[in-house]
Each structure stands twice: as C-alpha cells, then as structure tokens.
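Right, one structure below, let's go through it.
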Amino acid sequence: MASTIKISAKLKGQVANIKSLMLHPMETGSRINPDSGETIAAHHITQLIFTNNGKEVMVANFSTAVSKNPYFGFSFEGAKAGDTVKVKWIDNKGATAELETQLG
Amino acid sequence: MQNMRRMMIKGGVALLALATLPRTLLAAAWPQKSFNSTAAGDALRELLGTDITTASDLIELKVPEIAENGAVVPVSIKTSLENVESISIVVKNNPRPMAASFEIPPGTLPDIASRIKMGETSDVMAVVKTSNGIYSTAKTVKVTIGGCGG
Amino acid sequence: MRVNKDLGMSTKTLLFMMLISLLMTAQPIRSVTAKETDCSLPGKDARLVDKGTSPVSQENIFRNSYAEAECLRRAAAKKGAEWLETNELLRRSLKEADKGNWEEAFRLVQKAHFQADRALRQADYEAKAWKHRVVDQKGHN
Amino acid sequence: MIKQIIACVIFLPTLLANQAAYAGPPEDRESFVAFFKTRFPDISFAEYANGIYAIDQDAREQWQEIEVFPPYEFSIDQGKSLWDEKFADGKTYSDCFKDSESGVKQLFPKFDKHKGEVVTLAMAINRCREKHGQTGFEYGGDQLLSLSAYMAFQSRGNTINVTVTKDDPRAMAAYEEGKQFYYTKRGQLNFSCADCHISSAGQYVRADRLSAGLGHPTHFPVYRSKSGGMVSLHQRFYGCVRDVRAKPFELQSREFRNLEYFLTYMSNGLEVNGPGARK
C-alpha cells in the first residue's frame, strides 16, 4: 500500500511552504448506511502534527467537519535546504501515519 | 453573533489558567469538548475560554460565496495580526460548529488553508488568538442542495 | 439525340432511384399503445367491470393488468427507452398483491402501465424527432 | 455511368430533404463547435477542456483551490503501481499500448475493425489483461479507475484525436447510434443529453450550472467531491440517464460506448487534462 500521505514542500528564501493531503474517510459519525440502517461510526483524523528537524511547527486539530481526504497547507519561517519536514496524523481510532520529506 | 459576545466569567478564569500553561502542553491535547459542542459560543468558550472576539479587518478569510459542494469547501485564512497563537475555523450552523483549530508556534506564519464540510448555509468564522486578544472575521457561505452535479 | 436516348434508356434506373427515395422517406407511422401491441389482454376491460367485487376475481384482474404492464415495460426496454422506476413499481405491486392489498397493488400496476406506455410513445416519437435537434451548420440548435 | 449521375442529380435534393439532419462526422463537429462559439463568444475553444469551469467563474476559483493539491493524486499513484506490475507471462501494459510513455488516452475510444465494435480505454485495458492471462478488472471498480487515472495523467496535453472512418459502415453506424443517443429525449423527465448540455449549457438546473457538451470527455476519470471518490465517464453517463429518470445502461454497454465515441469525436482537438476534480 502506497503512503496515505502526500506532501509538497517548497522552499522560498527562508520560508517553507507545505501542502499536504491525507487519504482518510473522515466519517462524521452521523451518516446512516442506507442498506443496514445503522449509523456509520465516526472515523476521522484528530491531529496533524508537522515538525521541522524535530521541532513542532504546526499542530492542526481536526473535527469531523474537515473534508474527506483532508487537505492542509501552511508556511513557516527559518527553514533551510536539507531540513527534514515530517508530518504525522493520528485518528480517533488511534491509527497513525507519517511521512518525511527534505526541503530542497 | 450577539449571543457570542456575552461575557462569561467562567470563561475568563479558564483563559487565565490556560495562559499560564507552557505551550507544548497546549499542543498535546485534542480539544474534544470544544469539538463536541453544539453551539458556536460553547465551542469557543471550551477552546479559548471566551466567546467574545474583536472583529478585525486584519484577518483575511477566503471562502466561496456559494459552495460548489458542501462536502468540500475551500477555506484559507491569513492575518497580519502579530504574535498569533492559534487560528480556528467555526461554522456556526454545523451540528458541531468547531471545524478545525490550528496551533501556531513562533516562526510559523499565520496563513493556513484547508477544506471543510458544511451542512447548510452558514456564517464561517475565522477566529485568531494572539497574545493580545482574540479577533475574528466572518463570511456567509451559501450551501445549496445540488441537482445533478452540472 | 444521344442524350435523349440515354435518358429514355434509363427508365429502369429512374424507377430504381424513385424506389430508393421512397424507401428512405418512409418512416414508421405505427404508434405503439397497449391496444396496438401484443400486450393488450382481455383482463383490461374486465377490470373496469369487476373491480371491487370478490377477492378471487380481483386476483385474476390483477394478474392480467400486471401481465399487460410488464409486457409494455419489456417492449419499452427493447427500444432502450424504459423509465427508471417502472420495474420497481411492478415489483412492489406484486408484493402488495401477495399480501392481498388489492387497492395498492392496482395503484402501483396502473402507474407502471402508464409509465411503460409513455416510454413507448416517447421512443416512437423520438425515433424521428431527435434529428431535428442536431445542431446545424450555423450553430443553431 | 452518366445516367446514374443524372439520376442522382435529379433525386439528390429529394434525398437531402428527407435526410436533412444527416451530415458527416467532420461537419457534425464543426457545427457542434460553432454552436458554442456563438453561444459563448468569449470562451476560447481550448477552455472547454475545463468543463463547467470554462463558464462558471465562482466555481472555477474553488476548483482551482482543489487543484492545488487534488485528491485524485492518490489514484494516480495507485494507477502507476498497477501499471508497473508485470503479468504472469512477464509482459506489461506497455506491450499492449503502443507509445504508452507519451500517453494513449487521446486515441480512445477506437473502432475495432476485427470485432466490429467501439473499444474504450477501459475495455482495451481489460483485453490487454485477458490476453496476458489475467482476469479483467471490474468496470467502475477502484483498480480500473486508478489505472485509467494514471493513463489519463500520462496523456495530459495530448490532443484528442478520435477517428471515425467514413468508409467503414460499421464505424459510421456506431457513430450515428451514439449521435442519436445524444439527441434522443429519454426518461420520465423527457430530456436528451443535448437538452441540458447544448441548449441549456451555462444555465441552472436547481443549484447546478450545466456544463457544455463540448469538452466533456477530456478530464475523466474525475474525483467527485460528492462521492469522495473517482468516477468514470460511463458512471457519469449512468448518473445522467438516471437523473432524467430513465433506466440507465450498463457501464461499457454498446449504448454507452457508442455515445462515448460520438461525444469524444465532438471534442477532437481539445487537450486531454484528466484526471480531473469535479463537485
């Protein structure tokens, strides 16, 4: 299985522009399965944590109101070529995934 | 909007308590209570300790006027306010209004973009917490129940 | 002279071309309704007389009505013109009939009959009418 | 010979009058393009590859936000790993698709002279699999959608170039059948494809603005926000037919393949820009 995260990191001067996309259903917990009539349990990313060389640069807290296959983009200063940007997500069922990329 | 401007003594106390905590602790916990709140005011009080915000035109909230699809509404927020600590997206008419909240450590630019779900037409609020106070701006996004997808 | 002669000799060709032309002009004039297809069954008229009497005759009338509606639906399907819920209406009418809910069963089967009949008329009309909608050289539609 | 010509000259007007709607595929396409040129004078031909976003500015901005990092990227990735897999006999898809490195999507659908039918890219993929001892993918299934997404991606920028050979009556018949389908009203709502996507293009149906028929096949498969997943052109056909409340045809049915043949021919000259993102 390919990664459930895609990340694009662009360095412009000292500013790193990070864009990320996660493969995740982001179930709200209020949808009803039309076949069984049962409520589909909530299943969503709760936190998305970005670090640069181990230092936290962003913590995104998500509710179920973030779209399926979530997109998140942001920028931070003080970046340089060769820095390692790591993204990690955690969902409400305790699953996690992470991905690293080098600024270049 | 009026009800969100009520002064809450309890909220004020919570804000003081939060302000004394180290930053890293703030990042650790997912603000469950805020996310589970069913009213925008409650969600803000749970997260920021108050639902009183100062309207600011230094916050640039970019949302569509009419959402193509309520399931995927692009939202981007940036601000020229200084010492930003967090940015939150609140969708007033969603069953649980707090959609997402982003913690901004020093060095990270107060400039974020994401995509959110909206159940119906609603005010979308960008709430920015700085070391000096809590600011916000809001825009209405119309959500239509589509026909055939065009 | 030569040309005249040639034209005179071409009667056969002319006739042939006329025939072709006629064949190409000829369009199906037949309009399909229950009466004109093989779908019409005696039960249809009987229904008007007998409806609401004994359960036994209700069942017979229903079966005839159902068979007719189903026959029309198939005819429409064959032309690629079946409507979305006709089959579902028929399925539901059978279910109601099994339970002895004749009123509902008839309501559903009649709705299906109407749909299938209209689908057939639509297909017949469209077999020719579509051509008039093709965008023309001037970009009109 | 001369008499035949004279006879033809005499009867030609009659024939033409009877068959007024008839024109060859190139003339059909010219008219199709001309219609939209008249209807939307400010929209360039190339723009139609962007579907409704050629027409609707507000929607276009949201689409561009999504295209910054489009959700179909996962599908392209999955498609690439499928493409790279070797069949049991050691062959790969590139053995079936000539010049596949630069993309082949623009050439589909094709008329297969041996089988006498229209072959879509999805069908060609499955035929390739079967030829090399694999089972075919399920139409409308994830794997086929991903592989199609990857192949569309490889073909980006190529110009759609579908051929309908006038000298093959079977190809012409398939094209004509697709054309008839496009203009035939169907279903309880009594709509044809053309009613919405030619006559009413740019107008609202409830909350949605209707896209132009020109350019429809350029961007499939698409990631639809509505379903949160990839959708093929035939699945879209299926949805449209259902929405006018007619019983839809099967994915890859003769009806839908011929419709795709006609519709894609109408978009000849536009760039392939799939996979796409739609509402």
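Labels for the chains are A, B, C and D, by order of writing; each one numbers its residues from 1.
Everything below uses one rule, namely that a contact is a pair of C-beta atoms (placed from the backbone, for glycine too) under 8 Å apart; a residue touches a chain by one contact, two chains touch by 3 or more.
Predicted model, so just to flag it, every value in this text is computed and none were measured.
Chemist: Considering B-D alongside A-D, which chain pair is linked by more C-beta pairs in contact?
Modeler: B-D
Chemist: Indicate the whole-number Å distance between the mean C-alpha point of chain A and the mean C-alpha point of chain D.
Modeler: 35
Chemist: On a C-alpha centroid basis, what's the spacing between chain B and chain D, in Å?
Modeler: Using C-alpha averages as centres, the distance is 43 Å.
Chemist: On a C-alpha centroid basis, what's the spacing between chain A and chain C, in Å?
Modeler: From the centre of chain A to the centre of chain C is 57 Å.
Chemist: From the C-alpha centre of chain A to that of chain B, how far is it in Å?
Modeler: Inter-chain centre distance comes to 18 Å.
Chemist: Could you list the positions in chain B whose residues touch two or more of the other chains?
Modeler: 71-73, 76, 113, 115
Chemist: If you look at chain C, which of its residues touch at least two other chains?
Modeler: none
Chemist: So which bits of chain A are touching at least two other chains?
Modeler: 67-68, 71, 73, in rising order.
Chemist: I'd like to see which chains touch which, written out pair by pair.
Modeler: Applying the touch criterion to every chain pair yields A-B, A-D, B-D, C-D.
Chemist: Name, in rising order, each residue of chain D that touches chain A in their complex.
Modeler: Result: residues 66, 68-69, 71, 73-74, 77-78, 81, 225, 228 of chain D touch chain A.
Chemist: Hey, which residues of chain B end up touching chain D in the complex?
Modeler: Of all residues in chain B, those touching chain D are 64-69, 71-74, 76, 113, 115, 144-150.
Chemist: Given the complex with chain A, which residues does chain B contribute to the contact?
Modeler: Against chain A, chain B makes touches at 24, 27, 30-31, 35, 71-73, 76, 91, 94-96, 98-105, 107-109, 111-118.
Chemist: Inside the complex, what are the residues of chain D that reach chain C?
Modeler: On the chain D side, the touching residues are 2-4, 6-8, 10-11, 14-15, 18-21, 23, 27-28, 30-32, 34-39, 179-180, 183-188, 190, 192, 194-195, 198-199, 242, 245-249, 255.
Chemist: Within the complex, which stretch of chain A touches chain D?
Modeler: The contact residues of chain A facing chain D are 2, 6, 8, 19-21, 23, 25, 67-69, 71, 73.
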